[in-house]
Amino acid sequence: MKTTKQDKVGIALFLLPGVALFLAFFIFPVIYVAGVSLTEWTGFTKASFVGIDNYIKIFKDPVFTRSIINNIVWALVAGFIQVPIAALVAILLSFKPKGWKMFRTVYFFPQVISGIALATLWAAIFNAEYGLLNGILELVGLSGLTRNWLGTLESAFPSVLLYWVLYIGYFMVIIFADVQGISEEYYEAAEIDGASRFMQSLYITLPLAKGSIVTCMTLAMINGIRQFEQVYMLTNGGPGNRTSVMVLYLYKEMQAFSYGTSSAAAVVLIFVGSLIILGLNKTLGKETH
Amino acid sequence: MKKFIGIFLTGVLSVSLLAGCGGKGAEKPSGEAGKDGDTPVAEQTDTEQPSGDKVTLKWPCIWSGTDSKADVIREIVDDFNEEYADKYEVIIEENTDYQAYRDGLRTSISAGSAPDIFTFDDDFELYLASGRLVDLTERMDAGWSDNFIEGALEEGTFEDKVFAVPYEMGVTPIMYNKRLLAEAGWDSFPETFDELWELADDLVAAGITPFSQMTGENAWTSMLWYSQIVLAIGGPDVYDNPEDPAFVEAAEVMQKLFEYTTGDAVGAGASVSGGHFLAEETAIFINGPWYIGRLQEDGQNDMYEQVEISPVPLFEGGKGEKGGYVGFVQAYIAAGDTGDPAKTEAQIAFLEYLTEPARVSKLSAHSGALFYIQSDGEADYERLQGQMIEQIEAAPYIQKSFNVISPAAVVNEFPQALSSLVLGEFTPQEFVDSLNSKR
Amino acid sequence: MVKSSKNFRLISVIGSILKWFFLIFLFVYALFPLIWLTISSLKTNAEFMASPFSLPETWQWGNYVKALTVSGIARMMFNSVVISVAATLLNVLITSMSAYAVSRFEFKGNNLLQMMFSAGVLVPLNALMVPYFILITRLKLDNTMLGLILVYTAIGIPISTFITTGFMRSIPRELEESAVIDGANFYVRFKSVILPLSRTGIVTAGTFQFLTCWNEFVYANLLTSSPEVRTVQLGIRYFTNQFSTDYVSMYAAIVISIVPSIIAYMLFQNQIISGLTSGAVKG
């Protein structure tokens, strides 16, 4: 389709508000943060230019490198475990089993509950003295597995990460909306050919919903990279910084009156995240469009 | 609509670019702090008007909501507004979430404007040195300083000028549950650490967990234990030398304390570790006067009646003295400098009002908190609060807690280093090194 | 032949059992927090701290009275509704316009623009407190609803554009081309072809945008100060203070605060379903 002159004017007009807001609330602040990342600044006293010292400093800090690794693990688990589960649920619900509307609504509940409530709940579930998880394990005869889930160096990060994975409502909704949009004709044709539901899902639903699944994978991985609230409230990065993530790191640097290193961490985060998105687009995205 | 948005956003953009050119925000003039609070959505007028008009002060106040000081503070502010009805008005902006308050306060100072009236408790030297606080020296010298207990004002002094009022005092004695101690066969609190370990063993034998500890959040109560032990071993001057062996020795003691605590101590937050003490699951705890209300309200089986307090026990061979106390400025109050003399006058007037002994006595009696203000002698103290005052008066010295004398980066790292220490990842020496590496 | 159909039936029975097990497990997993939250909101603080998973001895309805009366949450809910609805409508309008431009047309800089928008999703908003504060105070929009509406509209732009673009891209070109033949110009095509057909995506983006606005705390706290403009998340935090948290009252406030979110979510979702009855889009 040819782009007419009228179209060009329309495109410019349509882009203007979005781009303007984006410049004001993303480009300007990011440039600001990038500028601060080259200074030593307490926020209270004068800033002084230090070049790339802050970047050197944070990369020498094992806590920061561990945070990057934690974020990458988080992104991979979110993209390749959480989203596939969400896709599976969306497809199962698309066949409209009994009560599907209720399922769809309830799956989304965790997304509307404020983070504080979820964090205190899971802290109580993982607790070693009265925790629900240990209680269940003892009930089923696995008392050997009980532990202080958020309080050992080995189990803290997996605990924080894995409980989150099964809250799939967000992605399920996106994929479900997409799956709903698939024309009935496809299924009708498949039905005539005698294809089972499983086959239909595999050969019709999945390929046609691929766009939204890739969208969700991207969003999930970005979530993994930006993860903060749950970690902050559940463990504050502990024990021994095992559950630290990049945003928590930069937040703590800010609290330590070190805006320079905090901003440097923010810049690194954007960079690492962009690499991951680019990588995902290269491997999965290209085929979609 | 579209056109409107376009024009509007162009405005946003040009302003943002201007702001971008302004540098790092460190040298911005601070003049935008005060605005008329009654008309938030409609037009706003700056309060920097010619004198003669009423001066409005905004106070983003943490002592609001369900805080124990909220009621009396509100009363004081109302009285002030009434007394100076034609001159000044103080508006309380409720800030209940403390962490969020701190973030907001720092952000506004970093962006160039300190609030008219505000409280703070961390890295006070940075606040004092920021150059954004009203200089209170002149009024202090003119007699205001008589309101304060001796030596208190030194805490708010920077380069011979008073920039902040030391207001609320934090003291953190050991709290113990005498019913649980009795179950272990003890009718008084140990006077030495050797006895403390005996008590701990007896409590364990009686099926009671001795201590509440925590490494979650900021590891607050365990940090207080560490402070007490460092001082008991190294004496009141220990903070002068971060390489003092007392820090390492105290870390060893922390390891031992964690052998006598609940299974969820690593990773536990304040509500978990405090909850064990309130539920009579642990016998010994550390906290401040503000906790008295919690003991009364949330303690199980009227456990408040069972709670007694004690200074830290003597450490054999340590430099600490019997009865040595941990105390620090829990809240400074300061005023953001706007350069407007009328406003400065209002700010000082309000701060003076807030520090008058009669009002502070009421605040203290009502909330259980202690202050750096001379008592007017009529205060009716609550039982534990009264004991704390007695112990403070008897103390050979009152020294600050570890978090108060440490930079924020060390305070941040403390919970992490502590959990590594008690989980065996760090030796006591490594624990101290890891904290010192953040200095 | 008979045997294989028997096998087939067995497999489908097992599959069905697995399916239901899976769906119900996730159902319980997702529902549990809300139930726990509701029960906890009816305990005393002492009960809550001593045994977080037990039932209360007596149901403390007073917590709800406290949550409603003490914190001024009703007013804050109203503010939140105004701010969230305005910021969602504005955001959805702006982003569907820009998504239309980038997803349906080739022009110079299109790829760069899309990349920038995607990268925008990555920006850690916690790191932007100082620049946002400067921006909003310079605009004299601090402590105004408009200020928050502007911020919320803006921070949702990358993610909404991202979602909407994905949906718009999947609309077949032929539909738009036939509209061109019918003489429809840029704006008409947007309004009568693209908008209706990407309704699902726009509503999905709108749902998330609404929830983002409703649940946002950091900037609501930073940029507002008086009760007339503060939002519901600040009402929830009313019960936390420096030394202690009144958990049970806070939970009551949270339960109150999520009712509108759930209603909004259900409304939006029904929108999607009714939008789909007009015919399938994809293929």
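Quick notes
Going by the order they are written in, the chains are A, B and C; count residues from 1 in each one.
Following the convention adopted for this analysis, contacts are C-beta pairs under 8 Å (C-beta built on N, C-alpha and C of every residue); 3 or more make two chains touch, one makes a residue touch a chain.
Keep in mind that this is a model prediction, so the values were computed, not measured.
Here the chain pair with the top count of touching C-beta pairs is A-C.
Farthest from chain C, judged by the mean position of CA atoms in each chain, is B. Chain B and chain C, compared by their mean Cα positions, are separated by 37 Å. Here the spacing of chain A and chain C, counted between their Cα centres, is 14 Å. Counting only residues that touch two or more partner chains, chain A has 17, 21, 24, 28, 32, 36, 43, 127, 254, 259. Residues of chain B in contact with two or more other chains: 5, 12, 16, 19, 103, 110, 272. In chain C, the residues touching two or more other chains are 94, 129-131, 135, 150, 247. Those residues of chain C that touch chain A in the complex are listed here as 8, 12, 15, 19, 22-23, 26-27, 29-31, 33-34, 36-37, 51-53, 94-95, 97-98, 100-102, 105-107, 113, 116-124, 126-132, 135, 150-151, 153-155, 157-159, 161-163, 166-167, 169-170, 173, 176-177, 180, 185-187, 190, 200-201, 203-204, 207-208, 211, 214-215, 233, 236, 247, 250-251, 254, 257-258, 261-262, 265-266, 269, 272-273, 276, 280-283. Residues of chain A touching chain B in their complex: 13, 16-17, 20-21, 23-24, 28, 31-32, 35-36, 39, 41-47, 63, 123, 127-129, 131, 148, 150-153, 156, 235-241, 252, 254-259. For chain A in complex with chain C, the residues that touch the partner chain are 1, 3-4, 6-11, 14-15, 17-19, 21-22, 24-30, 32-33, 36, 43, 88-89, 92-93, 97, 103-118, 120-121, 124, 127, 130, 132, 135, 166-170, 173-174, 177-178, 180-186, 196, 198, 208, 211-212, 215, 218-219, 222, 225-226, 228, 246-247, 250-251, 254, 259, 262-263, 265-266, 269-270, 273-274, 277, 289. Partner chain A is touched in their complex by these residues of chain B: 2, 5-6, 9-10, 12-13, 16-17, 19-20, 23-24, 26-27, 102-103, 106, 109-110, 123, 126-127, 129-132, 215-218, 262-269, 272, 276, 281, 407-409, 411-412, 415-417, 419-420, 423, 425-426, 438. Residues 5, 11-12, 15-16, 18-19, 22, 25, 32, 35, 37, 40-41, 44, 58, 60, 62, 65-67, 91, 93-94, 96-98, 100, 103-104, 107-108, 110-113, 271-272, 274-275, 278-279, 288, 290-291, 293-294, 297-300 of chain B are the ones touching chain C in the complex.
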